[in-house]
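A single structure is presented below for examination.
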Amino acid sequence: MIPLYWWLIVAAALFCIGLYAVLSRKNAIAVLMGIELMLNAVNLNLVAFWRYITPQALTGQVFAIFVITVAAAEAAVGLAIFISVYRMHGSINVEKLDTMRW
Amino acid sequence: MNFPFLTLIIFIPLVGAIIIALIPRNREREIKWFSVIVSLFPLVLSIVVWVLFKVGGGMQFVDEALWIPTLDVYYRVGVDGISVPMVFLTTLLTTLSLFYSAYTIKVRVKEFFALFLLLEMGMIGVFLALDLVLFYFFWEIGLVPMFLLIGIWGQPKDRPQYSAIKFFLYTLVGSVAMLLAFIGIYLTSGTWNILEIPLVGPLADNPALAVAAFWAIFLAFAIKVPMWPFHTWLPDAHTAAPTAGSVILAGVLLKLGGYGFIRILLPFFPVLFKQFAPFIGIIALISMIYGALVSMAQWDLKRLIAYSSVSHMGFFTLGLVAASATLNTAEPVLNSRAIALDGAVLQMFNHGIITGGLFFLVGVIYERTHTCDLKAFGGLSAKLPVYYGVMLMTALASLGLPGLAGFISEFMVFRGAFAIMPTYAIIGVIAIVLGAAYILWKIIQYIFLGEFSKEKWSAIFDPEHWHFSLDMARFEIVTMVPLLFFMLLVGIYPAPILNVINAASTALLSGLL
Amino acid sequence: MDFFFNLAPLAILVPLLMFAAIILFTHPNNRLSSSLAIGGIAFSTIISWGIVLATILSGEHIWEETWQISIPWLPAGTSVLWIGLEVDSLTAAMLFMVPFVCMLIFIYSQGYMNLGKPNQDPRYSRFFAYISLFAAGMIGLVLSGSLLLLFIFWELMGLCSYLLIGFWSFRDRDTEDHIDEAQVKRARAAALKAFLTTRIGDVLLFSGMVLLWAYTGTLNFSEIFQPEVLEHLAEITIWGLPAATVIALLVFGGAVGKSAQFPLHVWLPDAMEGPTPVSALIHAATMVAAGVYLVARTYPLFVAGSVAGDGSVLAVVAVIGAITAFFGATIGLAQNDIKRVLAYSTISQLGYMMMALGIGAYVAAVFHLLTHAFFKALLFLGSGSVIHGVEHGHHEIAHHSDHHGDDDFNPNDMKTMGGLRHRMPRTFWTYIIGTLALVGWLPFAGFWSKDEILGEAFHLWREGGTFSLPLWVWLAGTLGALITALYMGRQIGLVFWGEPRHGAAEHAHESPHSMTTPLIVLAIFAVIGGLANLPSNVPLVGGELHHFIGEVHEVSEVVHSEALALNAIVAGLSTVLAVGGLIFGWAIYRNYRVGEVEPFQRWLGPVFTLLKNKYYVDELYRAVFIRPTVWLADISFRFDTGVIDYLVNLVGRVTRVVADFGGVFDAKVIDSTLVDGTGKVTNSFGGWLRQTQTGRVQNYVLVIAVTVLLLLGLYLYL
Amino acid sequence: MTLNRFLILLLPEITLTVVAFLVFILDLIIGGDEVRERRLQWFAFLGVLLALVATILIWPLAEAGGLPVAFDVGPGFGGDVVPMMTLDGLALFFKLITVLMLAIIILSAGEYVKVHTPFRGEFYAFVLLAGLSIMLASAATNLVMIYLSIEFLSITSYVLTGYLRDDVRSTEAAIKYFIYGAAASAVMLYGFSLLYGATGATGLVEIATALATGSVTLRWLVFPALVMVLAGLGFKIALVPFHQWSPDAYEGAPTPVTAFLSVGPKAAGFAVLIRFLIVALPAFQVNWSAMLAGVAILTMSLGNLIALWQTNVKRMLAYSSIAQAGYMLIGLAALAPLAESWTNGLNALLLYLFAYLFTNLGAFAVVIAVEDRTGSANLPDFSGLIRRSPFLAVSMLVFLLSLIGIPPTGGFMGKLFVFGAAVQRQMILLAVIGVLNSVISVYYYYKIMRPMLFERADDAEPIRVTPSMRLVVGFSLAMVLAIAIYAEPFIRLATESAQLLLAARF
């Protein structure tokens, strides 16, 4: 059987990739996708832990399902915000959104 | 249940301030005279308290009520021989200031008088509080009105806003440090009661923290007194403040610090006080001499008097130090110690009366000419003889002429100091000579002596803003008369006031370890 | 007889009340004011003389049991300090003189200030108020039974001298043209100088007094002078010296200031800027005598201090006295101002008194004090009369002649006078009597008192070693007597003899009777004053004063209260010097003409210049004390704003705010480039902090990541 | 547990939910009518009052250790009872804070909403829902529930922040807030997953039990989990260095929303943080205490120092509220659960939060009132306020003094307790830095006072204050003063709320 660590490492890598996307992409949509990746890393973690640590209770599974659901809601709100930003600023390049600073 | 004299003294001004807040803004006359009348109540009550006060009877007129039970905080007020004169000083100067301001304040009248009454409440509260939290409350309550008095009614050319915030910040730095120390004291002694804490000996088990607490509290009071080198807020605040504000600032606010030293720091940490007495003594000497020297270099009358306050409050500190320097020693010295402390307390009272008076007198020329520049005057005694006479007497009281109030306290301070720390004392007398120098040379000579000429006077006199007589107007004389009376009374026959102070300070000192 | 004793407080209070009454109520009415003042002092005089009489009649027992009253005054610690009045024969001796001379001066002032004349002084009432206060101060000082009370009156007189010296220190240029601008400036400076110089002495006295209270627990003379108290004082040490010594020296410091002894004598000559009666009142007869009186009063302290400190204290007194006596006299030689000559003469005579005290002859000192009071008051008032006359003369010529001309006319300048003996006969004769008394011609008062001092010194020298202190004292005194005679000869020669050297002197008039009558009364006392204390070998009346006050203080080996017999050598020598000197000075100056180089100057050359400039002491003090103090004050102030306040604001600046309070503040406060510099530093610090808030959300997220990583790294590391 | 009882325990939440959806529906029905929309405000306010009543009604039910909020699902569904929430003193305290906050914000928003925002009715509904999420978060005892409620709060906050659809700043603030918040919650979630993996449990109590009994397989994961959770909650509370979203969001958001943001997420974040640290990780107190002390120092200092630079009052108050959170954190860092004395750190935090609630919301109410008149909230807009509206100026002065911590204001009592806790734990340095910071803060509060009190206004026209605004400001003012002058009930409230939790866990 594949050891737990392997899953964890994959999840951590996924999390970092997601984070990298959040940090480096200019397009807000891509940033949002990075966030989704991070959440998926969490899901992977949860499911792996469930399988290896507490297989008798469904906690990890349920948690993962909740995360997926909330992520959908979050994406919906996020996209709505992007649209209004696009209407006001003409782009959704997050690097250019710095009228308020200091 | 006794009649709650002290509670009334504290809270009548507050009620007055609230009522003023409800009077429509345009009823200026009513506001002015109402506030004067309101301030008469605490004045009369404080006189009654003084009359009924039993000399040597410890804390009296104590009003006590549990205020915050979980915190063990009590509303607890009381007077002893040290606070009685201070309360009277506060109520007297407040009434006089309000009376004076009724004639001279012309803008934002409503706010001014309401704030002034609030200020009175804060100051009186500090003198009466017997609970650390209550003390701190009143200590800070007085801060804000004074800040506003300076900032709003200050003389525009003297940077009132800068002076106001400087005053605010200075005091706040001291008081937050003090707050931490109070908390530490409470945590180890288990009570906020100012009278009980000395019996417990706060922070006795933790010497390092005790020293820290000592200096934290010291800082708060030293800034207020003010001691060198924490004094630089004072000249700015005085210069900028309106006349009545200066009077209260010099007359009462500085005494809060001095009173704190006597009521809190000395009884709480007698051993540490003794230990650091040589050092504090040096600060006192520097304050005395340095203050006098800097006064001598001033060309602005208000600033000069402000620095003279530094010098005169240095006398107070010297007395305090002398009182503390020989704690724990043989009985005969108790006498000298008590005399030094008497002198210190009386010095506070006298300084309040005298310097308060001086600031009123500065107001006299300021209202007429809108300048305090010494070089702008000259020969005024030829034209304003009454003003000259009153100013001369006040100035002489300030320089410690025997027969007037200032002498008695200086005499007692030095009596204590010479017996206990003669070397400090003999250095300190330099300040007396310098005091005479700046007062006669700068104040009297530049304003009153020399040539009076029409051209010079018409260049500075502002007849449009002055509708009273050229020499002191009647309301100005009325303002000064009580102060002159007390200068003379204390100078000629100090026994009535000293009896009260002496019993308390002897009891205080003999109660210390 | 206790009746008069019990009235003693009134002798002080009545003039005091008169002061208050004049200042507060009657000042618009000049005549009423001066009448009140004179009435008050007359009342005091009567009471005082009653006290004197009562003391004399009470005989010996006044030494055993002096009359005292006291009240608890200052509750202090576990004790109460009492103050009160005390009358013993020393007090009585002073009381005989003080109010009486004051009264004469008051009466004289009425004339001098031109009551009822068109040129009456506009501050007439004020003047009488001040001198009433002054008289109250001096009487109170004499009556004080406590050093504290004495000090209070002492300072009160200091205040009065300030007010009176500075009487003309201000003016309304538009209405008061009888005072000129230069005079205003001089009076202003003189008043300040007098007050501050004596103030230095006063704080020494203050310190001594405070120490005395600290160590004895009382300030009442009768209690301090108990032998056991004095012994106790001698045993305590402070700063390595016996307390008695320290205290005596400090008290003497006070006396030095008030009695214008070297080195604090500089204020007295300048004090002549006040009206002349003031000079007589304060600076000749009474106030400067206060210092001598103080030493005489606290003499046991000096004795105790001397015994404990190897005779040092009294030696200091004697040396200071001798120096003052000699040098004061020499300066008098070279002055032109009639009052200044007298002022230096006063300094010199006070020196005599001090040196008498220093060698233990306190009775002689008091004797000289009394006689000197009369004849010096006489001389000052006489000079006032002269000045008054000359001023009138000046007015007259200014009135009659077309050319207003010499505005710099100085009525005090002796060199512009001359020949006044015919024009002002009453003044002249009384003045001559005063002069003879001062220089010590037999049988005038001054002879007996000065001779006693010299005799005591001589006697002590003969008893003691060859070059002991009394020898120098005697030499200084004898030489001083010669010089006194010389300058007085010069003065009367210049003033009364010769031809008038100025139109003003030519038109001078005799002064009114209100002025000359007091002169005559004083002259009588200047003649007969010596009777009070003739040498002991004079039958019946010899050594009266010794009998009267000799045992006020405990007699010991250093205190001589026994009257001496007349010593022929001493008396003869001083008489020869006095007669010779006066006649010589008179002879060479009586025909002095304006513009000539005067004889003394011719002969003494640079020494004369030195004397004329008062040994440059004023200049020295200015350079050594006054300038540095003012400089220090300035430096302190700069330190205050430049360093302390700057540091405070710097703290504010670190938090970037004070600078933001507004342009006004910036413009005013930034007076040094330093401030700018630190401002920039803190700005950039705050700016750097602010830079972190870039406005870019990805940077923000990066911060989260980095923080989490840092914390994890920290965790692993630990 | 029966359904009835379950519903009773959730009464405040249910009330808010129902009212919020009623507002949505009513808004749909009456949309566009200004007068009626105004009534919606009062309707929402009424709902909040109902929630307040509900909160008070269920108050006696709380007990030490918390009353689990769960109901039997019956054996057919696995049979496990997994309580997701609890009803204890802490939860009630935060419910109370929430309803008070909602009341103040809804009342003060009226004029602003009318002038500036579209979809006015929905605005109130969103605010109510945000309040609901805070209530849920404060009661959550399970990682799943914590995540859900926090995320609920975040999403409503994003919407509210970007509510001014046609405003550049508002939309920019929203997107920043969104990206930052999403990333932060992802980090927090990752931490949750690690914690779950380490202990095999998601209930806070179970986690603590697992850690205490040593049946932990991957103990080394706990600390990383702690750090990551702290990052997520720090984002909610706006602790340095997780604060950077807040100035931008505060400045850009509609001012009533800024008022909400300055209190609501902080309250929720603190509620969760308190519960998480005390219930789940008491064994790690040494670690988190030190960490929080460091964060508190950073938060106070940085918040104050950067606030000095601000010229926009909203932004300045944003930094100020960062610093205020730092003071509160001292209480948690200096937690002394077993102390018999008056301050155990936790009650200090709660009291401070309570005082802060009224102080900050009062201050924002004044800002809103000024902004309604002047159109912006820069420092010059406050010039001469003492002439234009003495009531607003004096109130603002008192609020600022309370933020500084000068008696007689609630802020002083909060600081007294917080610093008391630090001194008690001998964390002198922390206390000293704390008081120094309160001195520094004077500088920028003074920057508001100066134009307000000392300067002359260009526009001297008096500012008209609506009755609801007057009510809000007056009520806040009264509370701020009352907390200091009649402190006893408030102290007792804070202490008892804290005591239940502490008694159960230590």
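First chain written, first letter: the chains are A, B, C and D, and each begins at residue 1.
Definition applied: a contact is a pair of C-beta atoms (placed from the backbone, for glycine too) under 8 Å apart; a residue touches a chain by one contact, two chains touch by 3 or more.
Note that the structure is a prediction, hence the values are computed from the model and not measured.
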| item | value |
| --- | --- |
| Identifier of the chain whose CA centre is least distant from the whole-structure CA centre | B |
| Distance from the mean Cα position of subunit B to that of subunit A, given in whole angstrom | 66 |
| Distance from subunit C to subunit B - Cα centre to Cα centre, in angstrom | 36 |
| Length of the line joining the C-alpha centres of subunit B and subunit D, rounded to whole Å | 44 |
| Separation of subunit A from subunit D, taking each centre as the mean of its C-alpha atoms, in whole Å | 26 |
| Per-residue multi-chain contacts in subunit B, two or more chains | 161, 165, 169 |
| Residues within subunit A bordering two or more other chains | 19, 22, 31, 94, 97, 99-102 |
| In subunit C, residues with contacts to at least two other chains | 652, 661, 690, 693, 695, 697-698, 701, 705 |
| Chain pairs that touch, as defined at the top of this document | A-C, A-D, B-C, B-D, C-D |
| Residues of subunit B touching subunit D in the complex | 67-72, 111, 133, 136-137, 140-141, 143-144, 148, 151-152, 160-161, 164-165, 168-169, 172-173, 176-177, 179-180, 183-184, 186-187, 209, 212 |
| Subunit C partner contacts - residues on subunit A that touch it in the complex | 19, 22-24, 31, 94-95, 97-102 |
| Of subunit D, residues touching subunit C in the complex | 175-176, 179-180, 183-184, 187, 223-224, 227-228, 231, 235, 241-242, 244-245, 247-248, 291, 302, 305-306, 308-309, 440, 443-444, 446-447, 450 |
| Residue numbers on subunit D that touch subunit B, as the complex places them | 341-342, 386, 390, 397, 401, 404-408, 412, 415-416, 419-420, 423-424, 428, 431-432, 435-436, 438-439, 442-443, 446, 450, 453-454, 484, 487-488, 491-492, 495 |
| Sites on subunit C touched by subunit B in the complex | 23, 72-79, 148, 151-152, 154-156, 159, 162, 166, 169-174, 176, 181, 184-185, 188, 191-192, 195-196, 199-200, 203-204, 206-207, 210-211, 213-215, 217, 238-239, 629-630, 632-634, 636-637, 640-641, 644-645, 648, 652, 658, 661-662, 664-665, 668 |
